[in-house]
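What follows is a pair of complexes built around chain A, which joins chain B in one and chain C in the other.
Right, the complex of A and B next:
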């Protein structure tokens, strides 16, 4: 048993290492082709995030929302429900938090923060839970319905940010700023890193215990492994089409509100900037393990910050990170790279 | 606009709007029948849109632009199929990867070539030729709806008819369908299901490339995110059309009409543009739920 577990771990680590190596190789290749000063661009892409406290802190800060969204996706995937609407759920969370905080500008900090967090979590949970409900009730495919809902929500949120909530004093497409007392404490100046990183780490550990040590977590995992079997075992499987989605959406809404109160202080148009999509990749790299979500999110944040540093110090554009992330996305589930153990298991099964 | 002709312009633009969706759905039908959920339609379209207009501007020929745009999309489809099938990755995740990759690649290249991440206009690009077919024009009412579109709209009709013939009347089509419904049987015939799945994905690369070229060439510009969810709508159209060509045409027409109706509403009533743009997604999700409700009760009825 132990030997098999070790072999499994080994093959999945080598597979992951290979995936990341290929992603880096492709980024380097692209820089060599596209850049007039490839040495400089490559240096800043890889080393950049570690050269200044400012970059390093911002890298850690970027990992915060990714931990929330990564956890949300991990919970959903573990239960075999597919939440593809993370981007819209996070945006809706940020918007609702903004509305709540702008409505009570003189409230004490803690009350406003709690209200905003609860509101954001609920709206995310509602949006994702809705897709889960359609699936439970009529068998509507969650992954498409959640994506479509999210696409509509993004546009509607855009309307509110640029329309009724637009701040006329700012030239950017954004709402007004939230009051000072609602902003999270920054702990590593001059970077934007704020105190919510502690909360993110705590939530990862909490999610791990929830999934591994509680009744709900157990039943959710069972449904994820085999829904039919779970039905025969007497688990109310319909319930677990909705609950994991709602939890997943709640985490995304939370991610949106945390970005608002920790980083931006106002709801910019498109404030989520891909944290919903990247959450999926983060969860996959972490193999849906809540604890492993933390390093996976840090890694994704490193790619983003590296690309940003490369853009600031040389002639490449920040979307280079997207290509690197896409390559990881492509390969992270490729069983052929995750080798030995899987192929042997396959032979036994056949 | 007089009251009697009121629906004609709406239907006319519906027919134009549905063309790229129909093309993407045509290719998606092949992958769907071969048993794969193809989320990559959106990204493949985006690649077709970018490369066709860039190559058309570079070569000065619309035709070459379309061919090379399709080529780029097929190449991307090949990478997508190789990783999904040969390296045995989860096709749903690789589909997402294709979309993300398409977005990243087009942005990086647009920045590199044009130093511009926004809309790129190509001033002296020829317009897509408009085809007027005399015998079609003579049909009352319908003639006005069907005539006067650009040539690629008609190509999209030819493609879906061709697809129907290939799927139902050729051994190749039978094997594609067999790959989805009973891969064991295909294997027993000494054929490789994986091979037919690869073909299906390459076909979807072809049609999505063409669909993308309509989007950018009719604008004479490349707009980031020009596909605006059409790949997803195409995917839903395949389900709503019950995975058969005629149903897909009808589903695409409904989406086209919803889109042109919302464009019209924007001019006629004072609705914010973002709401109007959200409308097709909402229609699509409502249609999807309606479809699953209908299927839910139909299958429950047959069990009794």
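Right, the complex of A and C next:
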């Protein structure tokens, strides 16, 4: 039994290590091809994030929204619902938070922040929950509906950011900045790292506890593993097509508002910059374990920041990180899909 | 020399430990209709899968026209002239008849493009030659069930099958369609084909076949010329002799009904025959009611309806006197339902989770303190169940790692822990070894003695005869026999009801449709 567990752990960690090694190898190869000073580029890509407080802090800061979205995806996947609309939910969260904060520029900080966070969470929960509801009611696949809904929401949000809410004083496509008192405290200057990292870590632990120890978490997990059994045992399975989606969407909305109040202070066009999609990769690397989402998010942020450092100190571009992430995303998803395929096959055989 | 000879065919399914075929011999003459009959689990489907290359035998030999052959897969079977028409059709609804027929052996132009014209022409030729009346250009989804079956047959004829295996071909057909199928079969025999007909319907055997092989428990028990046997003898051969269970069923006094089904029917729109057709019965306190029947005659649906997993189209269900027709499984459990399902690996247990999490599934609400599960008392509860039912497992073990018998013990432990006055057992000993089965029987009788109402749904006649006070027999979705279990009742009698040779039913009034809010 313990031996089997050890073997499982070994095979899963070697798989992950191999994935990361392949990604790194491709990054190195690209640098060797593209760069005139590959030694320098490689050094900054891998070591760069640790050389200066600025880089290191920014790396941690980038991990924050990824922790939120990664948790959101992990909760949904654990319950066998699929939220592919994270990008739109996070964007909607950021936009709603912006609207709320711009509407009350003189309110005390804490009230504004709470209002913005609640508003962002609710809009995310609503959007994803809607997909879940459609699934419960008419059996539409959340995988598709959440993605389609999100694609539409992104365009609508773009319209508001570049249209009615556009800040004419800025040359960028963005809304006006939110008032000073709503901005999160930066704790590691000169980097952009803010206090919300503590909140992110706490939420990861809270999510773990929720899934493992509360009866909602239990019912959600049981539904995720075997819906037929759950229905037989008297669990309201329809409910758990909606609730995990709503929680997942809520986390994404939250991620959007935190990026707004912690990093950008205004809603730029496309403020989410892939945190929704990367959340999926983060959750998959973490094997949907809420605690493991933290290191997985940090790793993703590390790739980003490494590419940034390499760009500033050598002649490569920031797209390098995107390629590295894409490789990891590809391999991890393939692995996850393979696992899913295998378990299906086993089920059919049984 | 026989056309097809199978000799000493043995097949063991290692995961479940079931010996599905045990030294089976089958000999089929050229140009005959040979029926293979037996109850569910007798091994006839396995034998055909082996012949069609879907499974591979552990031992034994297959000879075609005297030549030993190995059948690797269905394609190899096709090349040898063996074709199979499955019980559940394997057709693409969006494709036309011609496209379905040529699938996997399409005529092509320049080795690349599908030659539709040739396909339609060739398929049309096969259709015409054999007297079917289907347009090769219609889409399969617009065909009737009977026509879809014809497409399956045409598919095999297109591939030049000389030996056709038909697996329960009439189970989905209406009476007229069955007649049409028989006509087709006669037609095929005239064209020098050989047919193996797998069925458990005696009617078809006596009407259609030349010879019949009877299987029971993975073995061939008899081979007969059809003209030399009658249905009663076949029925006796199929069910076998009575085997006495080693259980003592003491007398109990029956109390008030704990479960009552009134005129329960399930019908599907567009399907002529109801799946359940006016099923009514009671289970009284202290009574063990057994429902017998061959699979596919409504047993599974009775289980689903009582478990709240499927809604009846009409009729009503009373549990402890309360109308529970429209309740969900969770609500039913609150009213007082415990239930051991037939599908224990998918429905009865969650294999990837721990024994602990399985044991609390139906009553985890009892282990809550402000929404948080109390791990300590859950552990203690699970340990108590493991001890009381001597389950060979630890509370943290993955259920998937337990043996079949221990999984069933765990399910039993969980269901009995709710101490309800009604409990449903569906196929509770299917695939279990003797010791585990014995354990299950003892538990059932103990419940009955304690004054609970027990309903046993089983296709195993020995356990029905050994345990039940009242025996109900289902055939084609109806209860065709109601018997007090006494000396005079034997397996033979039940077998005759089960196979549709006897029917005590009178016409029942039609119940109002179920209206759930």
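By definition in this document, the second predicted complex is superposed on the first by the 332 of 350 C-alpha atoms of A that agree within 3 Å, B and C clash if a C-alpha of one lies under 4 Å from a C-alpha of the other, contacts with A are read in each partner's own complex, and residues count from 1 in each chain.
Everything below uses one rule, namely that a residue touches a chain if its C-beta (ideal position, glycine included) is under 8 Å from a C-beta of that chain, and two chains touch if they have at least 3 such contacts.
What you see is a predicted model; the values in this text were computed from it and never measured.
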Chain B versus chain C as contact partner of A:13, first or second or both or neither: neither
First (chain B), second (chain C), both or neither touched by A:143: first
Chain B versus chain C as contact partner of A:170, first or second or both or neither: neither
Which superposed partner A:277 touches (first chain B, second chain C, both, neither): first
Touching partner for A:222 - first (chain B), second (chain C), both, neither: second
Dominant toucher of chain A (residue count), chain B or chain C: B
Contacts of A:319 with chain B and chain C, given as first, second, both or neither: first
First, second, both or neither for A:51, with chain B first and chain C second: neither
Chain B/chain C common contact set on chain A: none
Residue numbers on chain A that touch chain B, as the complex places them: 30, 34, 82, 84, 134, 137-141, 143-145, 147-149, 151-153, 155-156, 158-159, 162-163, 277, 280, 284, 316-317, 319-323, 325-327, 329-337
Complex contacts: residues of chain B adjacent to chain A: 79, 83, 86-90, 92-94, 96-98, 100-101, 103-105, 107-108, 111-112, 117, 229, 232, 235-236, 239, 272, 274-275, 277-278, 281-282, 284-285, 288-289, 292-293, 295-296
Residues of chain C touching chain A in the complex: 15, 307, 309, 328-334, 339, 341, 343, 345-353, 357, 361-362, 364-365, 368, 371-373, 375, 397, 401
For the chain A and chain C complex, residues of the former touching the latter: 1, 213-216, 218-219, 221-222, 225-226, 228-236, 347, 350
